[in-house]
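Look for chain A in each of the two complexes below; its partner is chain B in the first and chain C in the second.
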Partner chain A sequence: MTDVTNSPLTVAGSRRRRFNASERQVALMRHLVLMSFALIVLFPFFWIISAAFKTQIDLLMGKIFFTPRIDGFLDVIFDKTSDFARNFGNSMVIGLISTFLVLIVATLAAFSLYRLQWPGWVLHSLLGWSVIFHMVPPITLAGAWFTMFRSVGLDNSYTGIILAHTTLHLPMALWMMGVFVRDVPKELVEAAQIDGAKVPQILWHVVLPIVRPGLAATGILTFIFSWNEFPVVLVLSQRQTATVPLGIGKYAQENTIAFTEMAAASTLSILPAFLLLLFAQRFIVRGLTSGAVK
Partner chain B sequence: MARVKLNGLSKSYGKVNVIKDICLDIEDGEFVVLIGPSGCGKSTLLRMIAGLESITDGTLEIGDRPVNDVPPRDRGISMVFQSYALYPHMSSADNMSFSLRLAGEDDASRRGKVARAADILGLGPYLDRLPKQLSGGQRQRVAMGRAIVRKPEVFLFDEPLSNLDAKLRVKMRTELKELHQKLRTTTIYVTHDQVEAMTLADRIVVLRDGRIEQIGTPLELYDNPANAFVGSFLGSPTMNLLQLEVAADNPRSARFPDGEAMCLAEPAPPGPAIVGIRPECFNLAAQPGDGTLQAEVVVVEPTGATTELVVRKAGQDITVLSPQRLNARPGDKVWLMPDATRARAFPHGDNHIG
Partner chain C sequence: MKTDTFWRHATLWPALVLFALLTVLPLIKLFALSFNDVEWINREAVWDWVGLANYARLPEDNLLRAGALNTLIFAVVAVALQMLIGFVLALLTVQVVRGRVFYRTVFILPILVPGIIIGAIWKLMYSYDFGVLNSFLAWFGLTPQDWLGNPDLALLSVIIVDVWHWTPFCFLLLLAGLESLPDDIFEAARIDGATRWQQLRYITLPLMMPTIAVTFVFRMILAFKVFDEIYLLTGGGPGTSTEVISFTIYRRFFTEDQTGYGAAMSIAVIAVIAAGIIAATRATAGKGAKA
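Take a look at the complex of A and B:
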């Protein structure tokens, strides 16, 4: 009797243990893979940040253990010959204003395209055109923009660079905002229509409050894109309007490369994007995945 | 409050006609239910009245004023959507007062109107809550409150109860009827649920494929359906539709293939006919008698209050609803006494449902 009642239990028990063991192995493997990915992604950051605290000699000798020094940072921020503070300010101004413009245009366009009953060909040709535009490498446009801006006196000006960045990042923002606007149920727009709202009121009172997370996600991505953008500012700006990526590039001179300063400047340049991501990563993740799961 | 007049309304998407020449006069204060199977165009018709769909042809009048080209906000209507369509970022009170805010009413009068509506609907304790913090029934009431505060001339309802569970649906149905009796506002209500239609409507409009099949009070439609489609659409359990042969010598008698015949309420042309008779229009007898039909019991379904029997007669299933508790068993023989005044022959060829 005992045997009969016990044997199924033992079988079930051992089966469960085996299952657990293999599950643990799978989990271990999974974590190893994830950790190696994390290592690949994080190592450059670690290297740059540690380089920023080394002296040029320590760095060139490839020392692993060193006494951290903040001379690189002090040079980058306070040295009279350093433009970094100005570059940082320029990047801020250009990034914030172009992001603001992009959000306004993209939201209005997405609302209009998806909720105002345009004929299909208008919608598709506009979206198609924006994709094609997005596929063109920015450097191809930069030359033409330089000539255009120069002839109207906008070269080496904030306005020129802001316009260029707005144009560059509009397609991506339009597509993202399109997804968010489409996620707003049609009935809400119709209910607002019946409640007496005109189109601008529908946008302001109903659609905008609902797509706020989408605005945050799109805004953050646009800002980061503008912050990182290199080829177009390289063509359009000079010393007064140069942005952070150009500033970092300047540390590589013909005769010397100021590695420490470069690393310090790079470390500082990560900060705004890092802070934004820290505060708003849930918006970003939602923004990038929404629409994909439906 | 207002009359609504549909004059030859049509709607087509390209070459596809979804609404075909609908003519309908809705009286001031009337409760009209549009019913039909899915895809019959009832929701499209309602949205045309609301102004959310354009009208391809015909004229629509609300309160003796043609409104074909008037935007929804100026039609004097309010609408309750199937999904409620509450603004998710606004509290119940803000949802209800949104239209008043847009109309530029001041704070005090807005609050007064919302409070009155909340009072009617029993929403007092929930005014500060967001839609996601409300249950289905409460959301439904907020949606109705939003429609009420505007004091519209016409209420439009698009399957407002179909997202609720069965119990709540019955409760809200009663509340809706009570609300209409209180406010006496012209109401157009779309549903596919025949019980809702029967219980709520002053008049029912049965639609199929974008056309009106029949208009009438619930009991008119129940007792005198114009065709087999209407007959089988209203009523539960559904009307029996029997394939019989009307005798050449007696136009008021229809014969089963086995030779037994039943009487018809009205004479019908000779030849094959579809005879509709409701399940409750049979009496059961244990013995054969004058005019009885012999049948065999297939299924017995007691519901407590009534007993539903499915019997087989010459290869056709007939549903019989009896107020008695029967102890019939499958395989038993029973004799049916059809109520001759309730059996109607329908023109052949339109017995398809949906």
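Take a look at the complex of A and C:
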């Protein structure tokens, strides 16, 4: 990933034509176009956040100017009938534990596949299977998970949902960690083996330091995807284990939609992604583009 | 050597076990279910063998036909638009010297937001009576539209949301691709007097082909899985105008409790997708191209 603001391509071009008036006009046009797209992207966020501060009446009257109120947020967080705080906690628990599990399983497997001399067919069939599973709509397997979990008493349990999310995001993590593990020089692993190091030591002292940024990228994305995941929790969980997207979905399904609450809950649920984008954008970009661009 | 073999297996087995228990086993279960009628009595599944009857029903299922067709239209139109807009934005952004990180930050944002919340946001904006989109139309003196309630418009409205949601993903991947292109080729082309258009047509596009292909495939896969936004925006309606395949399965399997039939439908969808992947892999492998 080239994370440079001044790519040589543009620097060379702009230096030569720094005083060219038509070039400057082109640059201005470029910014205008990009700015208008940025507005299109940002407007819906602005709208939902402002809706969260309106009363239902302001909202239904389509008011542009209004007195901001925080009742929506208070209702969503503190009202006894609101499950939102619980949903938020559930999403955190499920997201963090399944991310942790995904990272361990995927890193071990990626290291094993790419650095411990498995025959080619093992590598290809495992990766092939994981690609197929990744492409299939989750709802197809959710039905089977539901019946299986129900017969062993795991339906509507944290364990069941965490297992499902771990499996669901394993293919992506395996793919990404595969890319990062291949950055570990083979010679380094072999040298460590000759020196008598066992696999756990190699993993800890050789592999881990190199793949740490990769782990961050994979972990952040896994957490976000688990936080966002909807169809599987829709099938597997009920009220006690419901996550944030289920809570939001519920607002929208009421006969009279409580728009202010829905907007307030949505605003709060976007927060983790906002924060991660501000503080860990490097890893997010690296993760999303890994494999696509090499 | 012995310990080596032990650790070789110990590192791979967690993934194997997880895949076996939660993907292979469910698939077998689904396959078995698909030949049965299943009824739930006191949390116990009571199976009743019906042979191929569930599969025989598939071609006559109007909902499934509408779902498959809509999914196809949705995926093709939405992904085509996303690739096009994403590529244009990436081409513009890569030439920006100051403020590139700002644009990238803004354009990434929608990717990270739950589909359900995207649905909630747009449901608010699409509302016939108080939605902001109709306010805009009214300002310009145009007739307000029933974005989600009009059967002729609903699928397009859903596609617009998806384009807003996922164009950023195409943008990000294509931008990374553009940033990694070697600069000396462009330098040489400029010296030889190639115009901007010629550079784009004869250098950028051919060099970007692998990235474009990967981005396209990633997006297509996701588009075929679409569920969240539609669940919230239209619930598949009005009528069957935004029914998509994931929704049909959900409806048959869960809402209507037709476990056996839903399983048959799932197996059919998985089979079609697996066949598609294998065919695509064969085709690219045959050309000697590396995916």
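We take it that the second predicted complex is superposed on the first by the 265 of 294 C-alpha atoms of A that agree within 3 Å, B and C clash if a C-alpha of one lies under 4 Å from a C-alpha of the other, contacts with A are read in each partner's own complex, and residues count from 1 in each chain.
Simple rule for what comes next: contacts are C-beta pairs under 8 Å (C-beta built on N, C-alpha and C of every residue); 3 or more make two chains touch, one makes a residue touch a chain.
Since this is a predicted model, take the numbers as computed values, not measurements.
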Clash or fit: what happens to chain B and chain C when chain A is overlaid?
fit
Which partner does A:Q201 reach: the first (chain B), the second (chain C), both, or neither?
first
Quick one: classify A:I210 as touching chain B (first), chain C (second), both or neither.
first
Identify the partner contact of A:E190: answer first if only chain B is touched, second if only chain C is, both if each is, neither if none is.
first
Looking at A:F180, would you say it contacts chain B, chain C, both, or neither? Reply first, second, both or neither.
neither
Which chain, chain B or chain C, is in touch with more residues of chain A?
C
A:F37 in the overlay: touching chain B, chain C, both, or neither? Say first, second, both or neither.
second
So, A:L116: does it touch chain B (first), chain C (second), both, or neither?
second
So in the superposed three-chain picture, is A:F53 touching just chain B, just chain C, both, or none of them (first/second/both/neither)?
neither
Smallest separation in angstrom, by C-alpha atoms, between chain B and chain C in the superposition:
7
Touching chain B in one complex and chain C in the other: list those residues of chain A.
193, 198
Can you list the chain C residues touching chain A in their complex?
3-4, 7-8, 10-12, 14-16, 18-19, 22-23, 25-27, 29-30, 33, 43, 45, 89, 92-101, 103-117, 119-125, 129-132, 135, 164, 168-169, 172-173, 176-177, 179-181, 183, 186-187, 190, 211, 214-215, 218, 221, 224-225, 227-228, 231-232, 245-246, 249-250, 253-254, 259, 262-263, 266-267, 269-270, 273-274, 277
Touching residues on chain B, where the partner in the complex is chain A
50-52, 71-73, 77-79, 81, 83, 85-89, 98-99, 102-103, 146, 150
So, in the complex, the side of chain A touching chain B is made of residues 185, 187-188, 190-198, 201, 205-206, 209-210
Once bound in the complex, which stretches of chain A touch chain C?
1-2, 4-14, 27, 30-31, 33-34, 37-38, 40-42, 44-45, 47-48, 51, 59-62, 104-106, 108-109, 111-113, 116-118, 122, 126, 129-141, 143-148, 150-151, 163-164, 166-167, 170, 174, 193, 198-200, 224, 227-228, 230-231, 234-235, 244-245, 248-249, 251-252, 259, 262-263, 266, 269-270, 273-274, 276-278, 281, 284-285, 288-289, 291-293
